[in-house]
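Dumping the structure here so I can ask a few things about it.
Each chain gets a letter, A, B, C and D, in the order it is written, and its residues are counted from 1.
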Amino acid sequence: MSLDDIAARQRAFAVAREWGQWHTPKNLVMALSGEVGELTEIFQWLTPEQAAAAYEDPDLRARIDDELADVLLYLVRLADVMGADLVKAAHAKIDRNEHRFPKPAPLTD
Amino acid sequence: MSLDDIAARQRAFAVAREWGQWHTPKNLVMALSGEVGELTEIFQWLTPEQAAAAYEDPDLRARIDDELADVLLYLVRLADVMGADLVKAAHAKIDRNEHRFPKPAPLTD
Amino acid sequence: MSLDDIAARQRAFAVAREWGQWHTPKNLVMALSGEVGELTEIFQWLTPEQAAAAYEDPDLRARIDDELADVLLYLVRLADVMGADLVKAAHAKIDRNEHRFPKPAPLTD
Amino acid sequence: MSLDDIAARQRAFAVAREWGQWHTPKNLVMALSGEVGELTEIFQWLTPEQAAAAYEDPDLRARIDDELADVLLYLVRLADVMGADLVKAAHAKIDRNEHRFPKPAPLTD
């Protein structure tokens, strides 16, 4: 399963409900931002230790999965309406990061 | 190419640079939020029409791809450190959305 | 009424409930971000025209006031726990903006 | 000095530069969100201890003040273009919070 399948399902979902008219880049960026806000709210009062263990708690895990999904869904939908290739863009960015932050040389004596 | 490849590359990147210590769920949620903020800044002053055409402009396209990539990279990294399955979570969410927002019945006469 | 009164009320509120332990700068930045996400969600699907008229609708007005308040409350609380002077910082920023973006010269013939 | 003074300065600033056309509620919510993203980026990799001490560092203090100011400026501008009273809304919200989260009763023996 890939992001293409997710994009296709969302496209069909929006077409069937005639929601495409609201799925403009500007609106989708805002929706993405709103979902990241909901994800943030899950973690905001947790200590680093609690946050690190949150995903092991069944209730928190369900909430986190739900918000992670919403973030990915709006990100994929945004890329799809613009015609962007998310996976290609991500690999290109890692390439640039590898160049920008070279691996430290191994210590030798 | 899949999200697994991206997760694996980021894991190797973090290990080689000993950055894993900073890649806690709480920190990564904040980093995700910061990148969505940068994506938002690209679109904030654009009219809906300008936003819809933004991706056709080569300079804007490069900036958008860069920010889309950063958002995906931190989202994938966050899921990876917690052990979440982003694609599975997204399909489960679409399933729930299809139940929650049924397709309108076809019009018949 | 000033921001000092709001900061004082929030300080007393947190002390009475022993919530101060959670009101660290990092947590408060996340809480601020979460509230801005909720404000964003009110506007995300509105057209520019609908967004411009939203505050005239009594229901939307109540929701907007509620979220504006939450954003201000966490911003004031964040500044208070760090010892920052929000109003002074804002005036200093406007001063810098006036220098950075000079007024256009009046048109003459 | 109050928020009214800040709102008045920003109004004059926007009028002089004919920027009012871009200062719609939807755009200003996005701008607010972008600035909170920049504030978040300052804190994202800091430990709770580093975050708590960040404001004592002169360089970080200047960056934090700058971002706090930007958040307040867009929040005040957003409220101003809609005709919202931020300070009144904040006090009303504290009133509701005091009702919603009553003070714990003092311990007696």
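The rule is simple: a contact is a pair of C-beta atoms (placed from the backbone, for glycine too) under 8 Å apart; a residue touches a chain by one contact, two chains touch by 3 or more.
By chain, with names taken from UniProt: A, B, C, D = Nucleotide pyrophosphohydrolase.
Being a predicted model, the structure only gives us computed values, none of them experimental.
**Q** When B-C is set beside B-D, which has more C-beta pairs in contact?
**A** B-D
**Q** Approximately how many whole Å separate the CA-defined centres of chain C and chain D?
**A** That gives a centre separation of 3 Å.
**Q** In angstrom, rounded to a whole number, how far apart do the mean CA points of chain B and chain D lie?
**A** 26
**Q** Where in chain A do residues touch two or more other chains at once?
**A** In chain A, 26, 29-30, 33, 36-37, 40, 43, 48 touch at least two other chains.
**Q** Line, ring, star, complete or other: which one describes how these chains touch?
**A** complete
**Q** Chain C touches which residues of chain D in the complex?
**A** By the definition above, chain D touches chain C via 1-3, 5-6, 9-10, 13, 16-18, 24-26, 29-30, 32-33, 36-37, 39-40, 43, 46, 48, 51-52, 54-55, 61, 64-66, 68-73, 75-76, 78-79, 82-84, 86-94, 97-98, 101, 103-104.
**Q** For the complex, give me every residue of chain C touching chain B.
**A** 26, 29-30, 33, 47-48
**Q** Per the contact definition, I'd like the list of chain C residues that touch chain A in the complex.
**A** Those residues of chain C that touch chain A are 22, 27, 30-31, 33-38, 40-41, 43-45.
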